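Sharing a structure below in structure tokens format, with a few things to ask.
Naming follows writing order (A, B, C and D), and every chain is counted from residue 1.
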Amino acid sequence: MSVSSGPSPLALPGRERRALYRARLRAWAPLLVLIGLCLLIDIGNPRFLTIANLVRVATAAAIPLVLALGTTFVILLGSIDLSLEGVLAVGSVLTSLLAANDANSLSFGLAVVPVAVLAGALIGALNGALHVGFRIPSFMVTLGIWFAGVGLATVLLGGGTVRVLEPLVRDVALTRVLDLPVLVWIALAVLLLAWVIQEYTPLGRYMYVIGGGEDIAALSGIPINRTKVAVFTLAGAFYGLGGVMAAAQLGVGNAMIGDGRLFPSVTAVVVGGTSLIGGEGGVLNSLVGVMIVTVLANGLVLLGVSPYLQQAIQGLMIIAAVAVSIDRVRSAIVK
Amino acid sequence: MARYNPAMTALRRRSFMIGSGGLALAATLGRNTGLAADKPVLVNSIRSLTNPYHATWNKGGAAFAKSVGCEYVTLVTEGNSEKGIADIRAILARTNGNMVLNVDPNDSPDARPIVEACVKAGAHVVTQWNKPADLHPWDFNPYYVAHISFDGVRYGEETANHLIQAIGGKGGIVALGGILSNTPAIERKAGLEKALAAHPDVKLLDFQVAEWLNTKAHDIVAAWITRFGSDIKGVWAANDDMGTGALEALRAEGLAGKVPVTGIDGIKLAVDAVKAGEFAATVSWDPFWQGAMGLSIPYHARIGAFDPTKEPKLHREFYGTGILVTKENADAFAKEHIESDPNLDFNDLWGRISGPIRQS
Amino acid sequence: MRVPFAGFSAARLREFAPALVLAALVVLLAVSTPGFGTPETLLVVLADTATLFVLGVGLTFVILIGGIDLSIQAVASLSSVVVAMLVPRLGYAAFPAALGAGLLCGLFSGIAHVKLHVPSFIATLAASGVAGGIALLVSGARAVTIGEAGRAYLQWVAGSVLGIPAIILLGAMVLVAGMLVQRYTPFGRYGLAIGAGEAAALASGVRVDRHKMAALAVSGVLASLAGIFLAARMASGSPMLANQLMLPAVAAVLVGGTAITGGVGGVGRTLIGALIVSVVRIGMTFLGVNIFAQQILFGAVLIVAVALTIDRSKIPIVK
Amino acid sequence: MLQTIQLSKSFGGLPALRDVDIEIRPHEVVGLVGENGAGKSTLMKILAGVQQPTSGSLRRDGVPFVVHNPREAAALGIGMVFQEQSLLPNISVAENLFLGREAEFTRFGLMNWRRLHAAARRELQRVGLDIDPGRRTAELSFAARQMVELAKALSLEERVRGELVILLDEPTSVLERAEIERLFARVQDLRNRASFVFVSHRLDEVLALSDRVYVLKDGSVVATLPAAEANVTQLHRLMVGRALNAEYYMESDQAPYAPEVVLQARGLGVVGAYRDVNFELHRGEVLAIAGVIGSGREELVRSIFGFLPHTEGELRVNGLAVRLATPADAVAQGIGYVPRERRTEGLVTLLSVAQNITLANLDSVLHGVRIDYGQERTLAEDWVKRLHIRTAGVDMPCGSLSGGNQQKVVLAKWLTARSRILILDHPTRGLDVGAKEEVYRLVRALCRDGLSVVMTADTLEETIGLAHTILVMRDGNVTAVFDAVPGAKPVQLDLIEHMV
């Protein structure tokens, strides 16, 4: 969580001290929510907290995590990226068409991974370029690219679903290392990468700077436009990788493979405690957020909740989770 | 948010090329008017081309149009009822009603306004899968030629029986349903329940909705494995997409082939799985036939080859025949329907009638 | 801010940019495809835009205060179910009931957003889950058809007056009402103020919370009105009826030139936006654009339209 | 070494600087004094590259040069401590110190936090600030943030070869004595390679620290004199163009207030902000609250307007105890708020003058639920006339007005809302002298009409000049109360000793 441990805030006057404690506690709220949720579900069904199931939860969380990490960076800027589903579709379709498959004779093996990631990055760069170049709100640009992306995937596929036969690709989902599917290891690697980018590269710091105050950033000579384009590109690359992972997990490439993944991703980011206004939160928050959303879905099935009720319950839980982690003092204005 | 969305693929090496050609085609705006003006325009309205089921449906339509030399138009709803109806109204306006429509309505309520619009414009129409129970072709003579559906209860039951057979007549199974409001989802579930009623030794451990999506099915099955562990002897799915999603979840646990799965639609992935012994069974509707005959029937009505008003009700509203695909016939089926376009007799209008539609 | 004389004409032009885009599209279509220009076709276009427009109007009020409402399609579906189930029993009383349901959904989002400080994006997303769940529950998760008997009650929407589809007239009423509300009532004025400067509105004693709640409530009610339109035209309701209508509605509002950041735009602009969206859609059918390419084209048109129509001078920092 | 030649700057036709020629010699501390709006900050911002001059030029060692942004300025060894802070709250202190210079602390493209923090710690120690550079800046007290600003500017020292020019814009206004001492000490250490421009309202400090003093008035230099030969009253005379006499604040118009109490605080407090505040505000009275930032006066003011509901004691309006949970409640009680953040809290800049004027009381132009645009227009035009608001029309967006006129629109808004109690939060911040005098005149007029005013002012002169009564606060407590009836007004030092 993004809390810097300073010297005891006792040095501060009482009001600020209390606010500080509150803020620091709030920063941890999502994690507490997650833990509480896990305990609750485990009471309902003791099988929840078993290694086997936790592995399954991790597997279910792998792809959402990679997607959410991309989304996180964009949201840190205070922008939004709705193109996720489109980019994901393109990524999965490219994977299925270029790896050994049942639709054409191409077979580039694992070389499809960089190709799909690159394709995602390109679309992301397009997002950024249009957003910055024409000063169109990112919401609108990425909405358009969302449609276009799904369309492109459909065109590439000429309709239909292509089966991935490339064993190397399938192994990503099927083989396990230390009991965890490679899929999960990839997600963890991406998490590490994202964390390093966020914490240790100027790009990562600029996300916070721009999200915190674009005007001041400009005064300090921060390359705002370049940063924004870079961030959207990065997000696109992550979605592209997500496409590869989805294709590997489901063994198919398909233009609908991204359906219904966008809003859960944004939800996860926000539930994790990253502010839609930008400048607050980070990849570790998103890890927690993704876990909350995944555990919730997994738990509702474990508890055998009626399908009718599931989405309603999820809705309520999400509101609760966000409500406890939001700082009502600092966020005087919420949009 | 996907609606009932079966998928069957006849993709061959070619199709990748065709697809990428799509953009180029798009560039050439303005519709092709090379065809005789008096001939009716043939229109297929389907959900989208992102699923192989409708992609094949589209191929069937194109093939028929070619055979009679008419202009062919495809409309997609993208799962949006308003858009679907709007597009149909638009094409009716464009053709002044000189067209025949073969529509797979996005949701059963859509059928009524679509039919009414066609009747008003004097276009002949056939609906498939979805329509309100009280909407009947014979109430809209002569333009509402026919409604074609498939008996979800029957095939839901048949696949369930095969599953039960595969698990040796007893044990627990889990079931994946489609979007709850779609008629096929409801009928197939009913079929499943019929089969279970007949086999008291088989217990339905849980029923969940995966909205026809393989992704959702995948995660639900993963959770099920936790909840029921080895109690799960088999997985019944209301369509092949969910079935294959479930299969991949089982595969990830090393259970593929050990825990049999059944689906419906007969998409290539499922047929392959049947061959591999991972699927116990699936059912094919032959969307190529649906896309072609759904146009052929109203076309022949329009050119006066037959008079709908004189046809028996069985010819106006009927269940088509599905093809049950099991280990026995999988290879043969694949040869005929997947490795090649089935060659149909477009004039055999009533050949596949399996019975009247149940008035539930 | 707008500089008095320098950028004036430019600003004026911006005001009309969306309308110009629409006009250009219509002319282009009318010229390239003879069938399009006819009054019949244009009536069809208008009739088919009504539902999208009504959804858009509600959404406009929310976006004007700088929020967003992602629950509209679930609410519309819910209301269609309510209508379908109650019309046979209650007759006309079913419609207020549906509107009431929409109002409740709106208030639900409102409370989550205002009282719990949950961003509207998330609050309304959650609300759509709840509304959808209720729709499934009450409908027994199936499409509910309105029998012959009930359909008489639907004529005020499904019928037509002097050859003009009633739904167009209803849409027009919503337009007029919306514009009046926006221009002449405190609700409209405060909405604008909150969107353009929430801090100042707050410091002027405006009950910001109430107005945000009200905006979401209005959006809920109009969404359920749209649901009524759908139910009436299809003589039935279904928990999926309004699926895939939310994004086009959002697109309509933004293409019309209303700023996603709030404070700039209005109901009139949303009419233009909705028409642009549906004209482009239907236009592609008319032109016979390759079906594979339609979605790509649609996405591109959205971006271009917004690029042409948004007034950047009023948005200091584009996020 | 640094010179400005005929430097001029105007905002929207309103001149802020007129042909300013100043010169900063090596190793020299130049004092820059003048009223608010005299152009001090503008001049500083131009030197620092934040703003560009409308005309005129900058020279360094006789060579003309141009700076487009603070970065370029820094490269030339020119650094500035901003009055309104330029720190980002959501990142660490260290990051703020070296914002835009991350490259210097990367190895293989990765941030080297240890080096960054070490460097930061060094800079902070230089200004005697002992905090963890990893702290979120938002967690620091205001004064601490000011010291960080200072450290940021002083850090130029090791970045740039050669001579430095460091601009200190009101660095002391929020600092405690000890901190100020430290600041002065640092300035002395650095003199061997840096020259300073020092801006402050505390004239005594300016004289103490500077070698030469430039006096700005209405955007032009009216005098340059060696600090040694100058004294406070003399400076003041030059600044305001007349002796520091009562008339500047129109004290002769300061009518005695009526006996009845309109606002009363009894043991008022907000946990952790301020405690046990008692006062009585009478009809026609101006109650000024003095105190450094962090003294609790800001919070007290915001409590009275419902931003920060009080948690202890009671607040009575016209004798009735009230709880103001939101600004709306306060407005309902006839309280109006003229904020210091005029453009964000005072006005909706996109809305027209008329729309802003009716914002707080739309009912005044409401027929049923319908806004009567005709009536709104006449009402607005009436105020424009009465308050002499300079605008191309009542339908112009408020953003296009000058600061003074915007301030009048804000006042018009509250007069439309029939407020009986006005809270003036730094009412003259950023206004030129002319506009200020109009505000003073208005305040007097309002009081005569029976309104009451609670005020926090930019300067002590203003506080003393305008007030009937002065409440001095320190660390959340009221430390003194002064009567400030014309003729018997306290002097600044009286207040300061209770403030710090």
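Everything that follows uses one rule, which is that a contact is a pair of C-beta atoms (placed from the backbone, for glycine too) under 8 Å apart; a residue touches a chain by one contact, two chains touch by 3 or more.
Everything numeric here is computed off the predicted structure, so don't read it as measured data.
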Fill in: Higher-contact pair (C-beta pairs counted), C-D versus A-B
A-B
Fill in: Whole-Å gap separating chain C and chain D, where each centre is the average of the chain's CA atoms
45
Practice prompt. Averaged over CA atoms, how far is the centre of chain A from the centre of chain B? Could you give it in whole Å?
Written response: 34
Worksheet item: Roughly how far is chain B from chain D, going centre to centre by Cα mean, in whole Å?
Response: 71
Worksheet item: Rounded to the nearest whole Å, what is the centre-to-centre distance of chain B and chain C, using the mean of the C-alpha atoms as each centre?
Response: 32
Response to the item:
So chain A residues touching two or more other chains come to 150, 154-155, 158-159, 308
Worksheet, complete the sentence: Where chain C touches two or more other chains at once, the residues are 136, 141, 199, 292-297
Item to complete: Can you tell me which residues of chain B touch two or more of the remaining chains?
Response: 1, 19, 22-23, 49, 180
Fill in: Interchain contacts, given as pairs of chains that touch
A-B, A-C, A-D, B-C, C-D
Worksheet, complete the sentence: Per the touch rule above, chain C residues touching chain A in the complex are 66-67, 70, 112-113, 116-123, 125-130, 132-134, 136-137, 141, 198-199, 247, 250-251, 254, 259-262, 292-300, 302-303, 306-307, 310, 312, 315, 317-319
Discussion item. Could you list, by residue number, the parts of chain C that touch chain D in their complex?
Written reply: 1-4, 183-186, 189-190, 192-193, 196-197, 199-207, 263-264, 314
Worksheet entry | chain B residues touching chain A - in the complex, by the definition given at the top | 1-2, 5, 7, 9, 11-13, 15-16, 18-20, 22-23, 48-52, 54-56, 58, 177, 180, 206-209, 211, 213-216, 218-220, 222-227, 229, 244-245, 248, 251-252, 267-269, 272
Worksheet item: Tell me, which parts of chain D touch chain C in their complex?
Response: 305, 326-328, 330-332, 337, 339, 341, 344-351, 355, 359-360, 362, 366, 369-371, 392, 396-400, 413, 417
Fill in: Contact set on chain D toward chain A in their complex
50, 69-71, 86-92, 95, 99-100, 102-103, 106, 109-111, 113, 131-132, 134-136, 138-139, 141, 270-273, 294, 299, 475-476
